[in-house]
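You will see two complexes here that share chain A, one where it goes with chain B and one where it goes with chain C.
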Partner chain A sequence: MNWVDEAFGDPEYGEGRWYLNPKNHSRQMYKIKKTGQKAAAYGSDPEGTSGRMMGEIMQKRFTDPEKFREEVKEANEMTTKSPFQIGQVIPLQEAFRVAELAYPVASMSCICRIGARGQEERNEHEYSCTGLGVGMFKWERWPERYKGGVNFMSPDEAKEWLLKWNKKGMVHIIMTFGGSYVGGICNCDYPDCGMIRNRVDYGVETGCLKSPWVAAVDYDACSGCGVCVQRCQFGAIKFEVTTEKTNIDQFKCFGCGLCETACPTGAIELLDRESLPGLAEVW
Partner chain B sequence: MNDLYVPNNYSFELNPEMMQTLREEFTAEKVVDEFSKAIEGKSGDEIDAEGERVFETFGRNWMQKTYKLGDEYPDRTYEVLKMAIDDTGGHLKFALLPQRFIEIAYLSTQDFSILPIIENNPQRLTYRLPECRTFNQIKEKCGEDVANRMPCKHACLTACKTIHDELDIDVKIEMTASMPEAGHCQFTAKRA
Partner chain C sequence: MAVPRFPTIIIDAAKCTVPFACKKCLQACLQSVFSVHAVKVERGRETDPSEAGAYGLNAGHRDKCTGCNDCIEVCPEDAITITFPPVEATA
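Up next is the complex of A and B:
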């Protein structure tokens, strides 16, 4: 069990996983504000705060590398008190379970790619992020974030939509939006995804914890087609030239399951991380 | 900035006039006055019977008026919720539509600034009252023993039933925690 499950999970629901605890998907629609108090502007919300703080840490990579290393270490030690958004990679089947639980589910544009590329996409790929929860009814408060609006989906539509992005090779990352409240599933890839990049390139773990699963390959069933190698966003899969088989480095594996969903011979399966003694504490 | 991104002047908050109307009409003081007069000289089962009568009527009227005004005074949150219900073929109707009216009912008549929603999904709506003016009034005017009999639960249970009846949603309603034992009241509407 990881620290997020320990803090926000409930053994009665979803095998104790925080993102399958219905309480973390529930929130009020209204708040009586004090006279003159206004809703938080975009940038002071959990997503904006997290992004700004990460930006400040990243700047230090160049201006003060020692401080950069210290701040990354501090960020990783903050756990539930962290002002950063908490995120965890989940495989498709668990994203489907969230689609049944979260209320409502809406597709929305990806902010990471806008940031990474410095321009808006304005094409069919623009909408790849998933907003969850009643906050989506207020998206018009922050039109600069929800460019082009949101589309509400039924659970079946949401599953179809998640499957579409999975087929394209996007990693599903479920994330909080203040405290334990689950605010979204991003469907993204390296190097555009801020969460993946912060973890893989800079070692900031909070926004991109590994999933409770680890991929394993059945060498007898592996045809050596190499499809899984292209799908891995984390550099965990390599093609063994001499055996002409796939080889998975389970320490590098994030358990996203993209290799499993694409394997044409069903040679890859996801194992419970905690059933593997050497990996049980590797998040 | 593209015109598309210019914020509209929508209000996402509950209408203050509506909240004021409900606050004035459904005060804890008024209903507890009526209850305390009704139980004068009575004890035990008689108190329970009076509690049921007085608070059931109060709960029904309170939620019927909330439903009426809540619909007459829409806000942008409600408008988008209704659009989302249409977009999803009615999927979001339970628990989110009753949740809105239940939030209005409590926020207009209690002192807390949010109604904690413990669970809201297609199967279940659970909400919690962290404190209660009505319970405190009963304690003050009728004593702790009477308050601990929880006559006021009939108002909350009836209000919950009323909004689901108004919205034609079939649910089973339970009180899952009460103020004397848990320090808060909690209610759950489960999809039947």
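Up next is the complex of A and C:
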């Protein structure tokens, strides 16, 4: 079990996975009242705070690379007290389960894509990120953050929407906004996505933990077509020339399932990470 | 061990005034070194990408810059300067 499930999961719900625990989707998580105090937005600007802390640490890679590596390692080990937002890769089927659990679900523009490529998403045909929970009702308070507005969706519309991005080749990452409050399902790719990039390029784990699944190829069923190779955003898949089959490095695999959903012969299966002793602790 | 050489990337804000509207370097960079952010955020309204100085550009991932100079070529304002340290300095 990973530390997020241990801290925020409930064995009664969703196999103990934190993002399938209704408590992490509840209104009470969004605003936490302390006795004798006025209600304050919980982690009132978690994105901003996390961004600034990340920025300070990231700056050190230029000034003191050794210190930088140390601080990243420390942040990774801090787990529940981590200064960083929690994020975890999830496969499509689990994104569907979240879309049924969360309310409301809305599509919105992706802040990472705006930043990294200047990509403007002005309407529901262009939005590429998914916002979850009561915070979405207040989007009009931050017009610059929710540039272009938001589009509320029914659970079925949300599933169709997630499937659309899955087909295009985006990785679903469940994101928190303050503690374990689930705030969104991002549709991500490298290098635009800040969370994927921080992990793959700089080893910052908290914002992009691996999913509870891991991809495995059935060599008998694999035709060697190579469709899966171009789907992998984590560099875990190669075409093995010797065997003329796909080769997945399961230690690099994040368990997003993009290869599985695209395989024309059904040769890729997602296995329970914890069923494999060598991978059970690889998050 | 090979020591990476980080360049200094200077973006002249006096020349680069509307990076979000222009976005040429953001989209041309093979390594996605650049990022754009709103400098001016006002209550109740979106920031206007065509307003000079409302958005800022930075080279946050300059450790990923290879020095190909594609950004300098596409920049209509000649606002970008990239300087790598001399080889001796990184040894």
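Here, the second predicted complex is superposed on the first by the 257 of 283 C-alpha atoms of A that agree within 3 Å, B and C clash if a C-alpha of one lies under 4 Å from a C-alpha of the other, contacts with A are read in each partner's own complex, and residues count from 1 in each chain.
In the analysis below, a contact is a pair of C-beta atoms (placed from the backbone, for glycine too) under 8 Å apart; a residue touches a chain by one contact, two chains touch by 3 or more.
Nothing here was measured: the structure is a model prediction, and the numbers come from that model.
Student: Figure out whether A:Asp201 sits in contact with chain B (first) or chain C (second), or with both, or with neither.
Tutor: It touches chain C, and chain B stays clear.
Student: Answer with first, second, both or neither: which of chain B and chain C does A:Ser26 touch in the superposed model?
Tutor: Only chain B is touched by A:Ser26; chain C is not.
Student: Tell me which partner A:Phe62 touches in the superposition: chain B (first), chain C (second), both or neither.
Tutor: second
Student: According to the stated criteria, A:Tyr219 is in contact with first (chain B), second (chain C), both, or neither; which is it?
Tutor: In the superposed model, A:Tyr219 contacts neither chain B nor chain C.
Student: Is A:Pro191 touching anything from chain B or chain C once the two structures are fitted on A? First, second, both or neither.
Tutor: second
Student: Looking at A:Gly118, would you say it contacts chain B, chain C, both, or neither? Reply first, second, both or neither.
Tutor: So A:Gly118 only meets chain C here.
Student: Where does A:Pro143 make contact in the superposed view: on chain B (first), on chain C (second), on both, or on neither?
Tutor: In the superposition, A:Pro143 contacts both chain B and chain C.
Student: Which partner chains sit in contact with A:Phe251 here, chain B, chain C, both or neither? Use first/second/both/neither.
Tutor: So A:Phe251 meets neither chain B nor chain C here.
Student: In the superposed arrangement, which partner chain does A:Val134 touch: chain B (first), chain C (second), both, or neither?
Tutor: The first partner, chain B, only.
Student: Pick out the shared contact residues on chain A: the ones touching chain B in one complex and chain C in the other.
Tutor: Common interface on chain A, chain B vs chain C: 143-144, 147.
Student: Per the contact definition, I'd like the list of chain A residues that touch chain B in the complex.
Tutor: 22-23, 25-33, 39, 100-104, 106, 134, 136-141, 143-144, 147-148, 151-155, 157
Student: Which positions of chain A touch chain C when the two form their complex?
Tutor: 58, 61-62, 114-118, 120, 143-144, 147, 191-192, 197, 201
Student: Along chain B, where are the residues that touch chain A in the complex?
Tutor: Interface residues on the chain B side: 4-8, 10, 12-14, 19, 76-77, 80-81, 83-84, 87-89, 91-92, 95-96, 99-100, 103-104, 107, 113-122, 124, 126.
Student: Which chain C residues qualify as touching chain A in the complex?
Tutor: 6, 19-20, 22-23, 26-27, 31-32, 34-38, 41-42, 44-47, 49, 60-64
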